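In what follows, subunit A forms one complex with subunit B and a second complex with subunit C.
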Partner chain A sequence: MSYLADVATLARKDLRLELRARDTLPAMLLFVVSTLVVFHFTLPRDASRLAAFGLLWVALVFTALLGLTRCFAAEREQDVMDGLVLAPSDRSAIWLGKAISMLAFLVAAETVALPAFALFFDPGIDGRTIAGVALADLGICAVGTLLAGMAAASRARELLLPLLFLPLAIPIVIGGVGASVAGGSRYVEFLALYDAIFAIICWASFEYVVTE
Partner chain B sequence: MIRAQGLEKRYGEKRVLRGVDLELGRGGFLVVTGPNGAGKTTLLRLCVGLAQPTAGELEVAVPRGRVGFLAHEPLVYRELTALENLDLYGRLYRVPERRERIGMLLERFRLWDARRERAGSFSRGMLQRLALCRAFLHEPDLYVLDEPFTALDDEGVELLGRELLERRERGTFLVATHDPGRVQALATASLRLAA
Partner chain C sequence: MSSPNSRVPALAALALVAMAAAVAMVAFFAPEDADQGLSQKIFYFHVPIALTAYACFGWGAWKALRHLWKREPGADLESYVAIHQGVIFGALTLVTGSIWAKISWGVWWAWSSNQLVLFLVLFLFYAAYFMLRFSVEPGPRRANLSAVYALFGVALIPVSFLAIRLANDFIHPTVFTSNGPQMSGRMFATFCVSWAAMLLLAGALYHVELAGKRLDSRLRELRELLA
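Presenting the complex of A and B:
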């Protein structure tokens, strides 16, 4: 229980920091909406559903990447990471707290992005698409937070994070587009499996990311 | 409580700490001095587990949660208030009677009136006082303090001196300073690192 209390404390702190600084969420919202507007005007009117959903997933992945670049910004810029690392709580709680706050930002961006997508492209968003987005969010936040932690320790972090994250996000895009346009639950199950495997790997390895 | 033998730390080719031996028993007060670049901060970071030695042996017989570490940086979020920062650490360190203890420390370090102000608006001296509150909050067994008097005004120096004197009875201290005179009366041993 104390582990979950630590996670809640850390996630609440990140949400409070965002409420005060407003560094991340407004940028994510602006990015995803303007990307969808650009896609709306560049995609031909007779474009397929597959193309429209492909662009939605590109927009979502890059929006998430934008948020992830700020994920450890407060700790890095204010040198607070040592304080968190020295606390007696399990260090994976730092990862989980960050991943939860990141998930909150991403879900907030998607609550604007999905209606905007439906408005611009009228692709027919069904339950499988929503499930695909929800599962993809979990995978993006699990993997992205670990990689953001790794990149934060590097001088070339702005370059390193996309280089590490985008290859690992390819299965998420495949699963997400598949869940949106293909029938059956195969792609949703694939995303769930991806989430389970990578969440365990990230949870277990975060300690090594924040310690020398 | 801390025992080191032939402790060495390198960053790439650069050796920042060479062959340090030290022994600090329970209740001891070790003052570490030395010129800039001698490795005082590195030694302290090794002792709290923020860095790993390149060579030598280091034993620290204190669990992570029982160490109070004062670093060069205050380790507080500038967007949070003094109260929120201390509450965050109080929760993570599972401090009993957290609110009372936070209130007491803020009073002692004369930060009570500024408790609802963001740490980002604090002067360097106020940040140092807040950092001291953070390091002392969980009543640690081992105090590892890196230049604790930095940026403090006369009142702050006096407050910290009084606090160290009071805590001296129930804690073990490893203090790095350029000004050993301030803690000379409390020290049981000293270690001078060469550049």
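Presenting the complex of A and C:
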């Protein structure tokens, strides 16, 4: 039980920090809406509804990436990471707490992004798209948080995260776009499989990312 | 230190002999494909190179696991060298696959060829591995980060393969398949010899590279002692 309490404390710390400083979420919101406006002008008039769905997924992945680059910024600037690693709790709790707070930011950004997308492009969002987005969020946050931890330890930092993240996000994009534009539930199932596989790997390996 | 290095010339010679045998078998022993004719012979290089790249990535991930799990000394370097080999063989897979695609389908790049797309994804992934590795100071931290990322790679291979299969449904309605008619016995024998030759070549290159890297790090240690 104390593991979950640690996770909840860590996630609450990040959410409270965001409520006070408002560093990440406003940037994500503004970014996703601007991106959708830009995409409106990249689509020719007779472009299909399906192309708009593809662009939605581009916008979501890049918005997530924007949030993830700030993921460990506070810890790095204030040198909190050593303190967290020394705290008497399992190190994977740091990952889980961070992933939960990132998930909260991403879901908040999407509660604006999806209605804005529906308003701008009139694509007809169905339940399968929502399920796809929700499952993709889990995968993005699980993998992205761990990679953000890696990138924070490197010299290149913000530059490195997209390079590490995008190849791993390709299956998420395929599953998400498939869930939006193609029939059948197997894309949603595939996303659930991705989430399960990578969440387990991240949970088991985060300790090695933050320790020597 | 000296005993594994003394095996390298023998391994290299074996790889050379096997490669010569494979080339000879491809040229003279394997029958010409009824469908694709002479151009099908690139199959005996393309597919073994691709399988060897997988083997290198798998070996690199295995060594990464040994590093994280057992703290095996030197496993980090071995993992890095194996992945380096894998990237080289992966790039060769892309090149040979592209040549084959041009000859049999008339295009240099076919998104409908699952294997080629998978190798492109893996190539990007492992190129990022190098970016990660060279942007962290050498030491235990770098070894850990590289090992975790290498482990992600082996999970990504089947997941990406599945994803690319799924993507064909909404991106390409028609799928080219590179499976011609069933392989005959002589074709299969040639394929096996080619694959063995490629694995031996990869093994020899791996040991040469590893010996060089070990020498480098020994030299650096000695320099630090002298300084």
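Going forward, the second predicted complex is superposed on the first by the 212 of 212 C-alpha atoms of A that agree within 3 Å, B and C clash if a C-alpha of one lies under 4 Å from a C-alpha of the other, contacts with A are read in each partner's own complex, and residues count from 1 in each chain.
In this section, a contact is a pair of C-beta atoms (placed from the backbone, for glycine too) under 8 Å apart; a residue touches a chain by one contact, two chains touch by 3 or more.
Here the structure is a predicted model, which is why all the values come from computation and not from measurement.
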So, after the overlay on subunit A, do subunit B and subunit C clash or fit? They fit
Chosen between subunit B and subunit C, the partner touching more subunit A residues is C
Rounded in steps of 10, the angle in degrees at the Cα centre of subunit A between subunit B and subunit C is 90
Query raised in the report: Looking at the overlay, does A:Val80 come into contact with subunit B only (first), subunit C only (second), both, or neither?
Result: first
| request: Name the contact category of A:Glu212: first (subunit B only), second (subunit C only), both, or neither. | output: both
Is A:Arg155 in contact with subunit B, with subunit C, with both, or with neither (first, second, both, neither)?
second
Q: Identify the partner contact of A:Arg45: answer first if only subunit B is touched, second if only subunit C is, both if each is, neither if none is.
A: neither
Rounded to whole Å, the nearest C-alpha atoms of subunit B and subunit C in the superposition sit apart by 5
Overlap of the subunit B and subunit C interfaces on subunit A comprises residues 211-212
In the complex, subunit C touches subunit A at residues 68, 121-122, 124-125, 127-128, 131-132, 135-137, 139-141, 144-145, 147-149, 151-152, 155-156, 159-160, 162-164, 166-167, 169-170
Seen from subunit B, its contact residues with subunit A in the complex are 48-52, 63-65, 67, 69, 71, 73, 75-80, 84, 88-89, 91-94, 118, 134
Listed in rising order, the residues of subunit A that touch subunit B in the complex are 2, 5-6, 9-10, 13, 16-17, 20-21, 74, 78-80, 82-89, 211-212
The subunit A residues in contact with subunit C across the complex are 143, 146, 150, 153-156, 160, 163-164, 166-168, 170-171, 174-175, 177-178, 181-182, 186-187, 190, 193-194, 197-198, 201, 205, 208-209, 211-212
